[in-house]
Structure formats: structure tokens, C-alpha cells
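One structure is given here, and the rest of the page talks about it.
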Amino acid sequence: METAFRPVAVENKEKEVIARESVSYWKDAWRRLKTNKVAIVAIFILATIVIMTIIGPSISGHDYKEINSSMINQRPSVEHWFGTDALGRDIFSRVWQGGRISMIIGLTGALIATVVGSIYGSIAAYFGGRVDTIMMRIVEILISLPYLILVILISIILDSRSIGTMLLALTLAGWCGIARLVRGQMLQLKQQEFIMAAEALGVKPWKIIVKHLIPNCLGIIIVAISFDVPGYIFAEAFLSYIGLGIQPPGTSWGALASAAQQTFIFHPYQLFFPALMIGLTMLSFTLLGDGLRDALDPKLRQ
Amino acid sequence: MSSILEVKDLKVSFKTYAGEVKAVRGVSFDLKKGETLAIVGESGCGKTVTAKAILRLLKEPPAIIKEGSQIIFNGENVLKMNKKRLQHFRGGDISMIFQDPMTSLNPTMTIGNQIAESLIIHKKIKKKQAINEAIRLLEIVNIPNAKERIKSYPHQLSGGMRQRVMIAIALSCSPKILIADEPTTALDVTIQAQIIELLNELKREFNTSVVIVTHDLGVVANFADRVQVMYAGHVIETGNKYEIFYESKHPYTWALLNSVPRLDIECKAELHPLKGTPPDLILPLEGCPFASRCEYAMEICLEKKPEETSITDSHRVSCWLQDPRAPKVERPINLGGTTNE
Amino acid sequence: MSKEKLVEIINLKKYFHVGRNEVLKAVDDVTFEIRRGETLGLVGESGCGKTTCGRTILGIYNSTDGQVLYNGQNVHKMSSSEKVKFKKGAQIIFQDPYASLDPRMTIGEIIAEGIDVHFKLKESERIARIDDLLEKVGMNSDFRSRFPHELSGGQRQRIGIARALAVEPDFIVCDEPISALDVSIQAQIVNLLIKLQNQLGLTYLFIAHDLSMVKHISDRVGVMYLGSLVEITESQELYRKPLHPYTKSLISAIPIPDPKVEEERQRIKLEGEVPSPINTPPGCKFVKRCSYAMDICGKVSPELKEVEKDHFVACHLYK
């Protein structure tokens, strides 16, 4: 018999083997996100904007509050990169200072709404039945209130126009969307056999929520956050624009745009820069959200 | 009998994040008029991809049909058809029924309209005529009370009824070939028996050639004339059903036959399952694709792909055991374990 | 094998309200017993209530009426500490190996879940335990840090088995554990289940729709139709001598992987489809499809009777 035809003992035939390299859910999602060029550009833009809101106000050499009556309404120049406003303040510094406020409101607003909404939604979904019905009716009532009226009422009642007031006003009804989303997802998950398996093993309810339900909702929660942030940034800009938001000398992108609007015909650059930042930030968050959804959606996983 | 369909060296790949999955790796076969060919194998062996490729139903990309592949229907290369010809070809010359009848029917249209739609496209007849024809077709597939039933929507029908409707649609333009992709897998056994019987009747009546993709060897024994066993994108053995069931030569075919218990044999011997899992189709394969799970693997199996050997006119097998230099191996089939404990 | 009863199911009913005045009788007055150390198969077509029956036996669903006794104790009337003990003794393996493992957990975490509930172990003991369970189901410790989506269907089902075994149960409900798998893998899983039964002295309730596999693995087989148990007997006997008309047609509908046998076989044709289980009329549920139907069949539902030794059937044909 030729050697080539000698039978070989194929080892490990009894044991199951794995051929591919290990990839966790998050690693896999990141790999998929990386291939999405639009999302990567969005991340890059957002990172730049965030860094600039941190260091921006101090690199131009002009304080954002510094009034210079001899330098009013200057065009962009070497001295003032984005020009100056009607009080001679440096717009470059003010844009980044304003961005700081806008970003803080956008991110904390979305975060508060997410935390509140997720907790509320998971409680409703897990207990179900009557608890669920009552909790969801409350959400529907809150959602049906026009939020502008809510905001105006709150700022009148509290008689304050601080960031805190604005966050409170914006998130008071803002968590409802996420609560619904999380509840829907959890109701679906509750039917899954792995939840039934955990129950059959005698795992306690709170442990099922923490170990199974929440981790499996994280994906959609992250996507919801990235879609929510631009909403809050825009809401803040809008409120500041109509005068209900940040008061001088503090500023935000909305307040800057509002101030620039009166002299828009003569000094368009004063409106251009804050408007550009609002637009870029919102667009980037939305595109990033899109990318994240594609990357995290389990239905697209193979 | 002449061949109505010839598939030559079909190669299909899919582009994925992880790399290129070579799902079908050089499959060749032919189908004669009036013949029923069963393609059997486990999930991921490429049997469904092969069936879909014949109708050009694979989305390209991610699927890629490799250069050099040929699918010839009545002398015409399917892979070179233009859009218009292809539309007529699908449904007109070849039609297909799927595993899940619910997802292949439009939920917002009555079944009568769905059958009529394909008639209007392919036969260019008037709507009224088409509806009458639809009723006739539903009667052919044994749907009781067809005149009323054409007004129902798919969700109002049971799984078995929906599969009958799918068959009626597939038959509407009297195709020359019917491709059935796991047509009974989603159905209960008693309904499966009804559907298989229906297909058998239709085959006899219209002399249609059928390609049935399945993993159920019982269905194959009942329904097929010829069997083609696939593993990891390759055809490893092909022959008429008696050759495959009683004289098969490939260890994988043996394993397949030995892994199912038989209802009609009384014994509780252990089943002989295959060890391990099928190869990952992303990784390159050297030698015989089955070597890593084969009880009879030889050194050469790991290095070189075996050539196809003809046993009879219809029976061909790709295995190194057929080489004269290889040790003689007895076919171990005890059909579901006739040996006693 | 002992005749000692491990689980007794007495007049068990499980109804679902599916709309106004509409009741789905998923399990309708079912009585049988599961003996210690045996495998009881439960077969039937989709919608016959076999899965609901299995889940109600384990207390995953509350029963509408009737009792399930595990070691003489009513499963549906246990205190919470008794329930914990019961959950350690009775486990389940699910059908869908994709939906039954949490995609965000590693294999190790999945298997450890039950261990953490019922045993207090040191970390090193815990890992040893997980590896031991993996070994038992034919896998190695490399899998511990893997995620479910990296595994094939058969491998996932092995993990499902390991998870159930982790709490050292004596009774396992196997809810269609093989129907989502390929034939060659089905045989692996069935052999594994048999091996574990012999090693650990397990009792199985094996639910499936594939009668040939059920016959292979089971000592006794029960046949369900629309929520009722129509026949139950020793598995060879069921094939050799089916009594209920439904069982007869079910057996005859199953194709046998042997062309010559198939050619000679005579089929009992079963007309029509399984009727809806919602608001079923009184009488035998099979009456509309039964070719032996008599007057009484449409009026009185037949009771399960022992017609021959250890052969129970619910049909008016047998007195």
C-alpha cells in the first residue's frame, strides 16, 4: 500500500472545535462601524468640535466676555479669526464658549432622558399588566403636552433661566420616547427563550433585568442617545433664539445666532459661524446614529 | 431522454465582513425531461444556493457567480440572459416554490389576484380569463371550494393551503422545470404527506421535471428518481435513488443514511452520527472537504481533492476510497441500526 | 426500570384567552405520569399543545386547572423556598438554540447562571465546574470565553444542555431539542442525551414532532392532538399496534428512508387540516378528519382508557 493511502487518525474528532477567532458583540459592532466611512467622518468632526469647546475659548487670546468698543463688528481677520460682534467681543471665543453650553445641554439632556426613560420603561415592561397600563398612560399624557408651553411655564414658575432650569424643562417630557422604546424592546425580550431559561433556573427578577434585559437593550439605547443629542442641541438653540434660554453674558449657539440675526444683512459672518456649528453638530450626531444603528442592529448580524 | 437543464462547474461566493464565503464550489449536473432530482445535504452545504442560482434569484452582490460557470436551459445560457428574457424565463420556463409559503406570498393581495397576476404577465390573457384559470389551478391543487377561496388573503389560510397556493402559482404557466426548495420542511407530517402526494400527481400529469432540495431522506426515497448528495459546496456523490440508498460509496452518504432512526425497524441501537461540524466555508479547503470528519480518512484525503469516479452510467462518486490503491472498505450501512445491541 | 412515578400530571388544563369570548384550549384535560429514569416522548403536530404542556408541567406557565405532582408535591402550589428546590430538580432544554442563549453573555456566564443560584462556590471551583459541564457535553474549556453567535446550532444546543445540567436536576423537559438541527447533528444530540441519561440517571420528557426520533429515544410515547392526549403506550407497541385512528394516520404519513419500502407502502390518507384550537366544539377533537367517526364521537369526548396492559387510548372505538 502506498503511504498516501495510509489511514490517518484524525484527532479531536470527538471534540467540538472552533475555527474562527473570538469576537465579542461590541468588538464586532466596532468593526462594522469602522467600515462605515460617513460615521467615521462624523466621529472625527464631533471629536474636533468637542475638543474645541474645551480649549477654543482660551486659544484666541480674547476672553469671550471682553468688550472692546473700538473693535465692533469686525470682519474675520488675523486678530479676530471669526470677527467680532456688536460689542466688540471675539466671536471665535464666543462660538466655542457657546458650544460648551450647547454640548453640555445636548449630552446631559440626552443622558438624563435615557436613564429616566430606560428605568421607567423596564419597570413597565417587566411588571406588565396593570402597572404597565397606568405607566404608559402617564407617558402618553406627557407626550401630548406641547413642550414649548411646558418650558415657558417652568421658567416662569422657577423664575430662573439657568442651564439647570432649561435641562429640567427639556427632559421633563423628553424621556418619554426612550421609555416607550425600551419598554417595547423589553417586552420582546421577555418572550425570548433565554429569559424563560433563566426563570426556570430560579434566577431572581432583578437579576434578570440587570443581567439579561438591560444588556440586550444597550444597543438600541446607544442609538437612541445619538439621535436624541441633536434634538436637545436644537431645542436649546431654539429656546435661546426666542429669548427663553441662556441669558447674557453667558452664551450658546442659539443665543449667538439670535444676537446676530438683527445685523445679519450687514454682518452675515456673525450668524454664519454659530449656525454652521449647530448644523455640523446635528448632522454629525444623526449620521453617527445611523452608523451605530447599522452596526448594532442584531438583525444584520451573521 | 434528453437533458433539459445542464449546470456546469457552477461556483458561487458571497462577500461578507469576515471574508469570501465560497458556498458552491464547482457543481455540475444535468436534469432530464420528466425526471425528479433531489439535492440533499445539511444546511450550509450549498443546496439552496445552487437552486436559487439556476433561477438567478441570488442578490448580486453580495453573491458572485464565478466566471466559467454555466447554466444551460434548452441550449440557452441562463447566466447570459437579459432582464426581459429572464423575467419570462422565471415563472414561464422554470418556477420555484419555497420553504416558507407565508413569506413568499404577498400579504396584501388575495390569492386569486396573485395567481392571476403571473398569468397576465406570462400568458398575456385578460383579467377575467385569468381569474377563471386561477380557479381551475386551485382545483388542480385540491383546494376545496376554490371559487370562494380565491378571495381569501394568505393569512386566512393554513400553512398547507398556502403551500398549495404556491404550487398553483408555480404551475400557472406550465413550466418545464419546477424547483422546490424544502417545500415541506415547515409543514406537519400529515400535511407533508398530502403535499408530496400532490406533487407526485402533478409530476405524472404534466411531465414536469422537478429539482427538490431537501434534507429529509424519507421524502427523497418517496419522491425522487435521482439523488445528488452535497457537502461543503461540492457534489460528493450522485446516482439514482436505489444506487444511493443501497449501494452508496461515499462515507458521507453512509453517515447521512445512518444518522436517521427508522420508524419501521425495531431496535434501540445507538445512532451513528457524524462527528464534529461541517467546515467553515470562509477558510481555504485543501483535499477532500469531508476528510476532517471522515472515519476512513487517508493521508491523501487531506492533501488532494478526489476526482470523480463513475461506478455506473448514472452513479458517480468523489472519494479516494475508489482509488485502486486504497484499502477496501465495507459499506457499513445497517439502515437505522438493524444490528442488535 | 422502576415503576416509581416521578411526575404525575392529573387532569391538567391550560387555557389562553385570545380575545373576547375566545378560549384557546392549549392543554385540555391531560392525565399521564412520568416514571423515574424513563424517557417519555410526547408527539403531535404544531399547535397540539405539547410545548405548552411541557412548560406548564415545569410551572413556567400557571395551570388553568388540574395538578402537576413532582415527587408528590404540587408544582403550582409551592412556597417560594420549595420552588427554588423544584427548579433545581426540574430543568428544560429549548428548541431554538439561537433564541435560548443570551447573545451578550459568554458561554461560561451562561452555564454559570444556574450554579450561582443554587450553589455557593469559590471562583476556582466555579470554573472547574463549568469546564466539567463542557466536558460532559463534548466540548472543551476553550469555549468558556466564547459568545453564542460564534457557535454552530449543534454546539449551542450542547450549551443549552450543559446549562440545564448545571443545577444537577433529575428531570429534564426536552422541548423539541433537535428539530432546528441538521440530521447528522440531531443524531449527535440524541446520542448525547442518551449517554447523559445513563450516566446521571435522568428522567426525560422528550417533546418533538418527529415520531421516528421520538420512537428511537423514548421508552413510552404519548400522542397529542389539539390539546388532548389521544394515546400513550410503550414506544415499540405504538408503532407495532397503534390504536387511535390519528396515531395510525400519523405513522403512515411519515416517509421511510428506503425506496423499496416506500414503494410498497399503503398510506392512510388523512384529509383536511388540523382545525383551529380556539373554541373547539364538544366531542372527540379528531371527529371531523376521522374515517371511523360514529354518532357518539361528535357528542361525548372519549376518556383515556387502558385498553391493553400499559396501552392507553382515548377513542370510542375501544370499549
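As written, the chain order gives the labels A, B and C, with residue 1 at the start of each chain.
Operating definition for what follows: a residue touches a chain if its C-beta (ideal position, glycine included) is under 8 Å from a C-beta of that chain, and two chains touch if they have at least 3 such contacts.
What you see is a predicted model; the values in this text were computed from it and never measured.
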Which chain has its C-alpha centroid at the greatest distance from the C-alpha centroid of chain B? A
Name the chain pair with more contacting C-beta pairs, choosing from A-C and B-C. B-C
Indicate the whole-number Å distance between the mean C-alpha point of chain A and the mean C-alpha point of chain C. 47
Quick check: how many Å separate the C-alpha centres of chain B and chain C? 31
Residues of chain B that touch two or more other chains sit at 275, 277
Pull out every residue in chain C that's touching 2 or more other chains. 154-155
Which chain A residues sit where two or more other chains touch them? 14, 16, 20
Taking the touch rule as given, give the residues of chain A at its contact with chain B in the complex, in rising order. 1-8, 10, 13-14, 16-17, 19-20, 31-32, 35, 302
State the interface residues of chain A toward chain C in the complex, per the touch definition above. 14-16, 18, 20, 22-25, 192-194, 196-204, 211-212, 215-216, 218, 298, 301
Complex contacts: residues of chain C adjacent to chain A: 55, 58, 60, 83-84, 87-88, 91-92, 94-96, 99-105, 113-114, 117-118, 138-140, 142-143, 145-147, 149-151, 154-155, 158, 160, 163, 166-167
Which residues, counting only chain B, touch chain C once they are in their complex? 42-43, 158, 160-161, 188-194, 196-197, 215-222, 241-242, 245, 255-264, 266, 268, 270-275, 277-278, 335-336
With touch defined as at the start, can you tell me which chain B residues reach chain A in the complex? 16-18, 275-277, 279-280, 282-283, 291-294, 296-303, 320, 323, 325-327
